[in-house]
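One chain, chain A, links the two complexes that follow: it is found with chain B in the first and with chain C in the second.
Moving on, here comes the complex of A and B:
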């Protein structure tokens, strides 16, 4: 069992609130990602779960047992750091066996467990090697082996992929996910990389400045962000966010962005009910902007191609409507030059509207 | 004007051949990227063009003049590195003005040039601030401003975006490309990041172990790689490679991959002509594989889903076709691990490589 629950956790360092009234419940066997930029409170939250940091307020429960007073070694939580911290003079076998030796398991028990873990992680052929003989990816699997061999209730991974180059990172994301199905341990992984979080996690907790902003499945976070920060943070290229003012014109309700206006009459009621002022932000993801050489219908805007990046398999196209710069995603066959004129429209079903002041999602 | 021509350029460090007989030309105003893994020779080549490393053999021409013996400072180039040391207390203005000050330019000239360049880079509002408190993105632009302010005829950039996080890097790519193309100065950009190279450059020189593999437009590199290395290095997730043998049966030609047979009758002649043996490798990019819940036709292949990674507007699906791993990059897809699916390849996008020579046949 490995259910982890945080209720009302607050941690201050002097004046700074590192974690602010955090409520988070991770189900047994769930793979949850803590996502947020540097300083969001992810590492502090980890340290509180592991027991190396005491919260100022709130409760930590592991399998419904209050563990606030329990020291780290009795919480049965394993943490894995970025640097792996493998013992350089011990072989892979000895590194993984170490936590079990400390627990005074019998040699044969240790052997069984280590072999089993090595098998799961695909590192059986490496057992006699020293850390310096291992590649980055191999070291990481050994570090994981050492963490899981104790069969902890939960595994905390602090930015495990950050130090790897792009190609290895992409490969390891898939490996991690595959591995996790075999491990069945509750895993909480911290990362500043949204792609990592949404491709790996069952659910993702988005944090910023110590606050939990939204805790949902990747799908829901991507398609139904509940606030501006989540909307802009999840997805790359980022969601386009355009400042506008709400105006009534001839019985229609429009968002005026200066260089263009967008009809939102169909959302009239929602906006009137929830907007705290007429200052709003229009959000549209790059893949929901379509471009064509001719004016397809009424709700099209004339734009200029600002720059084209053939970021295959996608084509990233930055366009300008007046002074407003937007990023669009086009299919791989798209061809255009800087300065070309195109007609641009937004997918009606995929519009987001945010209240500028409260930063909450209205539509 | 800055046309750069490398003629049989070679650099040896003891027994190691870091750059091996490299010949290529960078046209005036062109934005060329030197791309390859660590140790491929791209930075050494850049350093030779800059004049901080002497070639062992071969010639470097800048505008038809052999510059091998010309000291760095006389080549009218500007280099931008990953991580330049900036004095934190120095004001942005002074940071940018530095190279002009060194040249003894007048106060008026300096003021004008610095303002001009800062405006182009969108950092004119920061000129009076100390460098110390600024973001990575802002520092990057200051770095570029300092290179640009002398209006050299050639920019040499060595992985300038490497230390930025993924999101900022993605944003800076577009800005940087736009900037460089607007300035129109010949630029050589070294990177190990293939996405950066294909997004930004006019042409890319892919290198490995000191040798040039292919020198072409991003489009050609991606769609028509000349060999296995280029095909595998460019594109993420990487192209799928499947070992197979060429067999002919009943007048038709097939790639026998063990687990499946793939009909390549229309390519049969080229394959027979250009291959050195029947041992071939089939290549198909992840985005050219379609994943379906039912069998879609004769060339449909059964696969088992292992891992599903939603990436926002797309989904990476890692599968096995028997023992062969296969990765697809589809649109948004409702699919789960352990599901059985049917995959098919876009026939216009398959590649066939000769396994022994590693050269592209189709």
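Moving on, here comes the complex of A and C:
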């Protein structure tokens, strides 16, 4: 109980396509994150699942039952809005009790459940307050309480942590994981923050402009992104993407970035098969670029240090090869000044090659 | 507005305060003088009323009130009764109808804005231009000198303003709240009753006040469409404008009687407006 399946869901608002032929299957008890920037279609998808928005095309199934025609109140889904949507004229207790009242539970049952939930979320002392007397974090927990008190089939959380300050957000991420283990409900969480999605979800669905780009576990998304957007979105600092042209030189296949070339002969077959043109992009994550004072091997490039950001635990270093700027990570012990010359090399196993036009991954 | 960086007790802020108080005082004087004069006239003995220069010291008398209540050309008691019925019936109609209509406009955008505009234009219409057609219509319906005619007309002319006012209030309520309630298990109507209405309560109160005020003070339609049965208080008061001359004393007395119920009503209702507004920001 709690399997959610979307098939071919499309929603248009006038000219704009908010959700484009979305296929998504969330298994019972799974914690899925919908990841994407603003306007990706996350909230619209949620509203369609919850039933407050009708899709133009497609089917929604909850536990293998078609629910397209079912009104929100009969779908047994709980949704927590980004704005929390707390009823301002009701106390915290009444807010959390509302869904139970609607299900005609007895007063004593309601009391027990609400108190239980309040305990779990640590908001018991707030039960008599009105929403306007609560802090942001407290409001968020009340909204959470109202969503989980019903023990619904699936829980939809729309950017629950976005409006909290950084420290609270970190704390709540941990709280969520703990709650998740206790609740065992299917949870779908929408967020624009890739760190949140990666750290909390069993699987993450990356969306942009209404399209689902990739739906995989965080590991797979990180190591094997299937397109340019996912590659550039997941991971912080972001993957370096360099525009290059494919050239054949003396039997070797090279990527020419202008200021340096990279040998990709070992991927020759894949590239020939999948590339639609010779315009490609080379991707390498900052953590897979190594720098040293001396030229370690043939595949090193001479670069100049452009900016050093002494962040911790890793230093973020921007290096310049000709006119191309790359971001690299260096260990804390790295000592260098702007303008210094270093030799950089890329981890051979961690190269990504993308087709510039289709934006799909070739390697 | 220029920024005041002076401290609370500095000369500039004192001057500013003084000016504000002065402005308020002037406005109060301008508004209250006619009212005070009216009440004063109603208890002044007859010879003191039209004397120049005006007399402020006199021995009060209730003669005018007794005269006014008994006067046949100005049926005050009947007028009071009719005005009450018409006003209460009007808000009983206007508030629910405008609430539902405004909610429909706010949430469903019925008529795509055109219907709303059309309704608003009813308010822009000069009532006096419609008086003859209305007279004919009500004559044909046999509703002349009948409170029902006035109830219909007052409802009609108060709805546009009420709808426009409540539309603003409904728009203020985030759709999130209603959707959340629906997901939690409420029907649209339950949402309207339990979530939306409590939050627009100040709007409803304001609508009720304005409607009742307009209806209570309404003179034109009442004057044309009533004879003796359905006379409203406003028309009754005008009865002192006789062929013998204007009977200022009884007129003032009657007018005072006319004002007092509204005064009390406003005092009672304004508490609800204040209470509703202190629910504060939605988030």
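In the analysis below, the second predicted complex is superposed on the first by the 342 of 363 C-alpha atoms of A that agree within 3 Å, B and C clash if a C-alpha of one lies under 4 Å from a C-alpha of the other, contacts with A are read in each partner's own complex, and residues count from 1 in each chain.
Assume a residue touches a chain if its C-beta (ideal position, glycine included) is under 8 Å from a C-beta of that chain, and two chains touch if they have at least 3 such contacts.
It should be emphasised that the depicted structure is a prediction, and the values quoted were computed from it without experimental measurement.
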item: Fit or clash - chain C, chain B, common chain A; value: fit
item: Chain B versus chain C as contact partner of A:51, first or second or both or neither; value: second
item: Contacts of A:81 with chain B and chain C, given as first, second, both or neither; value: second
item: Touching partner for A:238 - first (chain B), second (chain C), both, neither; value: first
item: Partner chain(s) touched by A:349 [first = chain B, second = chain C, both, neither]; value: neither
item: Which superposed partner A:269 touches (first chain B, second chain C, both, neither); value: neither
item: Greater residue coverage of chain A in the superposed arrangement, chain B or chain C; value: B
item: Which superposed partner A:15 touches (first chain B, second chain C, both, neither); value: neither
item: Which superposed partner A:64 touches (first chain B, second chain C, both, neither); value: neither
item: Partner chain(s) touched by A:222 [first = chain B, second = chain C, both, neither]; value: first
item: Overlay on chain A, chain C to chain B nearest C-alpha distance, Å; value: 11
item: Chain B/chain C common contact set on chain A; value: none
item: Complex interface listing, chain A residues touching chain B; value: 165-167, 170, 173-174, 177-178, 181, 192-195, 198-200, 218-219, 222, 234-238, 285-287, 306-307, 309-313, 316, 318, 327, 329, 332, 338
item: Parts of chain C lying in touch with chain A, wherever the complex brings them together; value: 174, 176-177, 179-187, 190, 195, 198-199, 279-283
item: Residues on chain B engaged by chain A in the complex (per definition of touch); value: 165-167, 170-171, 173-174, 177-178, 181, 192-193, 195, 198-200, 218-219, 222, 235-238, 285-287, 306-307, 309-313, 316, 318, 327, 329, 337
item: Of all residues in chain A, those that touch chain C in their complex; value: 47, 50-52, 71-73, 75, 77-79, 81, 83-89, 98-99, 102-103, 131-132, 139, 146, 150
